[in-house]
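The structures considered in this document are given below.
In what follows, chain A forms one complex with chain B and a second complex with chain C.
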Partner chain A sequence: MNSPLKTAAPGAIVHPLKQPKSASAELSPEMKLVQEALFKHVGKPIPRKEDGRLITGKGRFSDDFSLPGQTYAAIVRSPYPHARINGVDKTEALASEGVLLVLTGEDILADGIKDVPHNPVPSTNFDMKLRAKDGSHAFTGPHFLLPADKARHVGEAVAIVVAETAAQAADGAEKVMVDWEELPFVTDTAKAAAPGAPTIWDEVPDNVFIDTTFGDIEGTNRAFEAADHVVKGDFHIHRVTGVTMEPRASLGSYDPETKRYTLYAGSGGAVRQKNELSKVLGIEPKDLRVLSFDVGGNFGTRNRVYVEFGLVLWASRKIGRPVKFTATRSESFLTDYQGRDLVVKAELALNKDGKFLALRSDNLSNVGGRAVSLSPLSKGSGLITGSYDIPFAVLRARAVFSNTMCTQAYRSSGRPEVTFVIERMCELAADQLGFDKLELRRMNLVPPSSMPYTNAVGSVYDSGEYEKNMDRALEISEWNMFDARKAEAATRGKILGRGFANYVESSIGTPKERAEIEIKEDGNIEVIIGTQPSGQGHETSFAQVVADMIQVPVEKVWIVIGDTDIVSVGGGSHSGRSMRHAGTVMAMASADLLAEGRKRAAELFGSTPDQIEFEGAVFKLKNSNQTIDIFELGRRTRASHGKLRVIRDNEMHTPVFPNGAAVCEVEVDRDTGHVQIVRYTTIDDVGRCINPLIVHGQTHGGIAQGVGQAMWELCAIDPNSGQPLAGSLMDYGMPRSDTMPTFNCEIAEVFSPTNPLGIKAGGEGGTTPALATVVNAVVDALSEFGVKDIQMPVTPATVWRAMNNGRKAS
Partner chain B sequence: MSRVTITINGKAETRDVEDRTLLVQFIREHVGLTGTHVGCDTTQCGACTVHLDGRAVKSCTVLAVAADGSQVMTIEGLADGATLHPMQQAFHEHHGLQCGYCTPGMIMASVDMVRRHDGELDEHTVRHELEGNICRCTGYHNIVKAVLDAAGKHRAAKTAAPVEAAE
Partner chain C sequence: MYATTYHKPMSLSEAIELFEGSEDASYLSGGHTLIPTLKSRLAAPQHLIDVRNIPELASSIEVTANKVIIGSATRHHIVASSKEIQAVVPALSGLAGSIGDVQVRHMGTIGGSTANNDPAADYPSAVLSLDATVHTDRREIPAEEYFQGLYTTALEPGEILVRIEFNIPEIAGYAKFRNPASRYSMAAAFVSKHRDGHIRVAITGAGNEGVFRWTEAEERLTESLTAEALEGLTIDPSRMMGDMHAPTDYRAHLVAVMTRRAVQNLGGTHIL
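What follows is the complex of A and B.
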């Protein structure tokens, strides 16, 4: 088999960090200014500007919006994992009190409503290229707002009911009669890819629609033949869901006079929603305005279009009134895009000294009933060798359909999965071959001298000091004093265990971003940007960047986001891209603005721009007492030159590789199997840190989500009925205040050479090593019972069984 | 339908509502105070926490008719004009919020906790008593710090002006 990566590379893309330095690669004068001017506010833990409205109840979340005459939608959902729709009888529903409209998949086809153009296959220059088995572009399963043929998972929307009140809509939905024909189903990842599994899409009879092999097969085979040891591991990084605290909501409105649609819907980026939904409706993007203000959590789940967003717009046109849909928590559990669900078989070859020689990995991703995003599989594919120098590797990356809700990028898409595998493999190898766990890792780490480092599947790690991270994490976690703590815990009937993991991850993301900056007459600066925060504090950290550049107090800078009538271009917020992309383009735009200001000031003073100095938001003619501040300049030159305003576009394709290490200590109760995390320590190299208060906060939340998956969270499905068993917060284990520890987090700043600000990314690094760190700690605690491995989540039942069976629990 | 009068943040609000109307729906949909949020339908998440006659309750689990004649305080009524309540200030200073969706409920529950314990709180107690309020963004680290800080300020104020604090 050929490696698509290796065959695609020649003549196509040379990684920028691997190119010889040319004159053009030197910093432009304006970017020199960026680097010189910055970092007065940047790097400071400034409390957030957005807090004011959020702590006083003045936030603007999607369901907070209402329009005159609005109606309410309820969705009819499939009760079966796999069932043909032989017909839908609307009669009784339409006769129900208050019901105005019922629409089904047949109406979708009749009205020419298109499927959602998710473009699930990642396509930037540095994404792993995933293909069908024969090398062709994969069939990914069309996603219509409502299917006409069959339902492919429990909870799939099959009809929308619109009524005068929410309660009437819910009543009406119960009266829609669907003639179901149940079909054989499969929900389990491995079983969906096994021969003879029920077929989800006729176009892909065996359900496996992606099957791509990366890496040097011959070299890997030779390395395995020459190896002294081979360690094998089987893993299932199980399915979880985002549980954004704000259930998804949408309010659609159609204006027949202007023929324009308006959608209020929180998402990961309003511009993407506008572009994709306008295709669904068959209209020009300019005829759809999307508003997305405060968003109550995203974590990847809101980056893609939800069918209800299109449905409320379409229904609004049908009835000529606004239509609102707000999901219940149970609907969120059933039909929010879910995360993870990767099955991995791995083999690691080592020589007698413990040096890693080669890795084989077979990764199978369960995408659900159709492919919405292959980001998790793709992201993980580039990082299978983790923080370690493994000369040869082969990865078979497959994706499979199943009768489950679709999966999507979720909190550090794809990286916690592969980090879990490589870090568990380190532990298994150390245990089986008698090496010290830490020394085995240390001797195999990628050294700083190898940066930029190309790993065995072609990812180029930009920078990092991995061993230093490791040393620091061990030091601040007081690793060496563990024995005394373990002895103390034993006096209380608790078994103390400790776990360690290194990680490296990648941040790629949509490459384009635009910033517009205007000096307003009222003495403020307005910045328009196309990212979409959902708690990351962009209104503060972005303002810090611009405030540094223009040299004004951070209070004067206002970030405008989330209205597609104002924000025309924007890649949204995902993959840790926001600060890197937005920070860079805002700094560039600020430099442009200052250049324009210098020009105008020069004209005003009858001089030339090179004679103008700029300091403290004031332009000054050299060797004179003539000065003008930037706001006054804007006012004074407005009539002659127009607004003091710039628009700047920027594209950055080169990925960055945040990295770090984490240490976890757990107490296991010998009688009940209850696990309590008592210490949690992290080091995260985020590159340049703009606001440490915000970055630490992001890390804390990231840790909680990783820990949650390792300890409690699970989208359980009953194998006999295909029914999801986690339908409310009573059946899905969430991290809560009394089950989480206080964290000990440090930031390491190794500036990335890939962008002018040196930014990598923050937050997701909290999640990436957490699964491995927690499981390593629990296995360590249970080692006295002969436990070598354990399946997540490590609930008391699983741990108790492991302690009492003395072998791998499942 | 029933006629219900509830005094919210000091203002009497009278509405004719369906008997199945929840207090949170009364607050959000009938009175239009959208600072109180709905995060689940099962009294698990605490985003809808308000003060009902001075005690923190989850307003998704109280019928509006059952609150007829009561005094309710929501997040909108907590600040004293432009002066933030010490708990709001503490959440801001300690970065105890990110997306802000759980925040109104967190703050209302925390204010009640400080009141019930008269500020005598430690980390264990705060973590135990906030267990009924779920946050997905912060990992609780900075929320706990904020509540402890506000509790400390409450104790300090009590020492400085014991008579006022006792009222």
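What follows is the complex of A and C.
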């Protein structure tokens, strides 16, 4: 088959799993030791170390920090979806009590403050290469901290007001007079890409700034021509937002003596914030220190730089005092980076037996007023064929500007979207052509014997036993006993429906990670790592990994994160990368540490390293009773050899493909359309599982987030005014504990061959199939009304309307 | 929130004096409607007069032979957990227990809710259905005259709601369909059969003029207090509110379903 990566440099990429094994892959004796120790111990459900601190109010969230002489910022935001800024009058605001400073987009330009280098196009070797229509690098819309030309969405920051108190800043912000000129706007994804839509950026008159086609066009055309059946579907995986419990906050300060800036701001990774914000300010990265400790929810919304982070730094230099900004819940709803918003047209070709022959997919991603990240489009692009062996596929991937808040990678970026499409297509095909929906899936699954499997758009699935997942999910969900449950529900006026979905997703993430491990004199071990937890329990699971490898109690291991003066390299936490990248580099660093320890012990004992054994944190000279524990060794050799400390860098580009299956059962109230989920079952192949307690917790949260999108969450916008309609929790529906069933989750461990620990990723697998599973279940329940498809979120009103239309039609 | 001055009067007269002496004042009870409004800068009273320490309004529940009398500053959770109310009008305590969440029920008050008359609030339906009397610092107002449209009541500027006297019915039921986001009612029905036999059906959450009596349903239920008696009865969607969560036709449909369910659950509540 031709290389499907048509737009990539030909022959540039040879997937490591497709290369012959090289000799250098041999493990060092220390690495063997480390692996043996690790594999003996991991998989223990150790309770989280950080919980005591967090539930007793001892967390350190961004807004908990204050500095002497601190001032407060409020932001002036655009009330219009699209409007030119003809001028800004600061006079009244500056005269307002307590106001110290007002800055606008004009000041940005005058001060030479640069745009945020979001670098939105994913660029690892295995990311899909997204380009403009003519193949050139795309124009992605500069993101200045404050625009000088126009506002491109409701809520866009256009001025910052700094005052002595937060209330005075808010008062001042109301007195900034912007001379607005309203412009025609477009917020809807499909309409933004339609001919004649208002132009968001003059550089891209038709708003479509990415238009790339992947796959074997001729092969796909031939397959469609030869097909017995073609099934079509139109989908909109709608816009949602993260609703983190902690609104974003930042505290910036500038020290004129050292000319250094400090930023306290919770994010998905402090190192990225440091690198990008230093470019914005036009300073060396070393002149900016970023601290990010506890983070109250991220889900992707915090991975990218927010304009307020740069604004507080810039303003603090201007006034010589620290400046703090804490978003309100309304500001979070308007201007947190949002998620999803993908419109898909798909066509599936099948032969008469139900074998999938080819897929065509036209995916259009709404990035908002400018491109912050194309990760959702790109991630999904590589997975359009899902868990199925579809020999030919063509994908047209487009991205469009609109007058909405920017989108970003959001919980399992891009993958729930395409999983939704392929799993809905399976249902539509089964229904239209009369196949059993499970058998149709089963016959098309990628078999384990094909692993590593290259899909029709070039993604290489590393490993997995998809059919086994499917069987197990059906078994533990008691799929076969459904009829009895349905009959019982009917006696209560409820219609029971069931939905099934397979999924495969990919985890790539920033390739570089560094670990530093030090044996401290006080008997503790300090680990410095550049990932950033926001509830995932790294302080426990990472400590657990190092403790197991160095064979000490987990209480002795301390994970240091989130201060760029200490953590110099680090990819942050996104895309399910943390355990795999951090786990691998920590294993390598541990091996280095043991190698160094053996060398030092050998010297002490007057022997050679190969005569030194290591067990239970103790080095021992073979066939002797000479021993020394690792902490004592550190103390004894400090003067001669320095601290017992290692630094290890690692770079891993090869993606992993977590996979699994989910089953959902819903009860629909016949009279009202109310939907209650009554059962939810998942199987997740996360590769090697370090701490099942934490993985289950992450999966539960992931399910709730996926179910939330399917059932309630929606960033609704009034088409007539362009105004967001769900600006608070009064209108933005969230999953709640009483609307979630007890989850029935199992972990499957098929070790990934791509990394020494065999890790894939966990958590996002809860979200990825959830949209499809819920909608499949609701459509199944409504089948008696002739319902074949339904738009998310499946709110009571939507379900009632679907039942009614069905009733009328029949 | 804009700058404002907080006052804590200890008597009715002091509260009224404060109100009349200031240009732009607002009474404050549990604050669970007013404070969020202030925080989002949608209102800017210069004076907040906290009524919760006034003895006449104080948290209190009195059950007599015919009446349940509740002081204005009584919080929802007190009503929800009152054994005396549970014994005589379980639909009323059940209604209070269905409001918001635990925090809201421990701060919000019956007086604040009734004074505010949010079209999606729960209490107005009970006040109307149970033929309650609203007692203020200066007069008594029958429920029929009290509610006057969205967020509008018969209360004059500065008038303080002191207590509410509910009639104990022969039996009552409350059924509510919650808004999936806010969890306020999207359509709810409070159905009462009074001791003299008359029926009251009050609908909240749905009407475009706020809480209202559904008299056609009352007539049907007077014939026979059964869900079957309501069969085929519909309400005109043009009387309904419509929004992104429930267009008018869906709300009209829910009103009919919730009224049937209130009848099916007389002596209790049905919350969806």
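In the analysis below, the second predicted complex is superposed on the first by the 791 of 810 C-alpha atoms of A that agree within 3 Å, B and C clash if a C-alpha of one lies under 4 Å from a C-alpha of the other, contacts with A are read in each partner's own complex, and residues count from 1 in each chain.
Assume a contact is a pair of C-beta atoms (placed from the backbone, for glycine too) under 8 Å apart; a residue touches a chain by one contact, two chains touch by 3 or more.
Worth saying up front: this structure is predicted, and the values here are computed from it rather than measured.
> Just checking: does A:Met245 make contact with chain B only, chain C only, both, or neither of them? Give me first, second, both or neither.
first
> Touch check for A:Ala265: first (chain B), second (chain C), both, or neither?
Neither: A:Ala265 stays clear of chain B and chain C.
> Name the contact category of A:Ser330: first (chain B only), second (chain C only), both, or neither.
In the superposition, A:Ser330 contacts both chain B and chain C.
> When the two structures are overlaid on chain A, which partner does A:Gly297 contact: first (chain B), second (chain C), both, or neither?
A:Gly297 contacts chain B only, not chain C.
> Using the touch criterion from the header, give the chain among chain B and chain C with more contacted residues in chain A.
B
> Touch check for A:Asp671: first (chain B), second (chain C), both, or neither?
second
> Figure out whether A:Ser534 sits in contact with chain B (first) or chain C (second), or with both, or with neither.
first
> In the superposed arrangement, which partner chain does A:Phe61 touch: chain B (first), chain C (second), both, or neither?
First partner only, chain B.
> Would you check which partner chain A:Gly733 touches, where first means chain B only, second means chain C only, and both and neither mean what they say?
second
> Regarding the shared-chain residue A:Ala170, is it in contact with chain B (first), chain C (second), both, or neither?
In the superposed model, A:Ala170 contacts chain C only, not chain B.
> With the touch criterion stated at the top, can you tell me which chain A residues are shared between the chain B interface and the chain C interface?
The answer is residues 167, 328, 330, 728-730, 734 of chain A.
> Which residues of chain B touch chain A once you look at their complex with the stated criterion?
Touch list, chain B to chain A: 18, 20, 33-42, 44-45, 47, 74-76, 78-79, 84, 88, 91-93, 95, 97-104, 107, 123, 126-128, 130-131, 133-144.
> Going by the contact rule set out above, which residues of chain C touch chain A in the complex?
1-3, 39-41, 177, 180-182, 184, 244-247, 250, 253-254, 257, 272
> Taking the touch rule as given, give the residues of chain A at its contact with chain B in the complex, in rising order.
Checking each residue of chain A against chain B gives 47-48, 50-59, 61, 63-64, 167, 242-247, 294-299, 328-330, 534-537, 693-694, 696-698, 700-705, 728-730, 734-738, 740, 742-743, 766.
> In the complex, go through chain A and note every residue touching chain C.
Of all residues in chain A, those touching chain C are 167, 170-171, 328, 330, 669, 671-672, 674, 711-712, 716, 725-726, 728-734, 795-797, 800-801.
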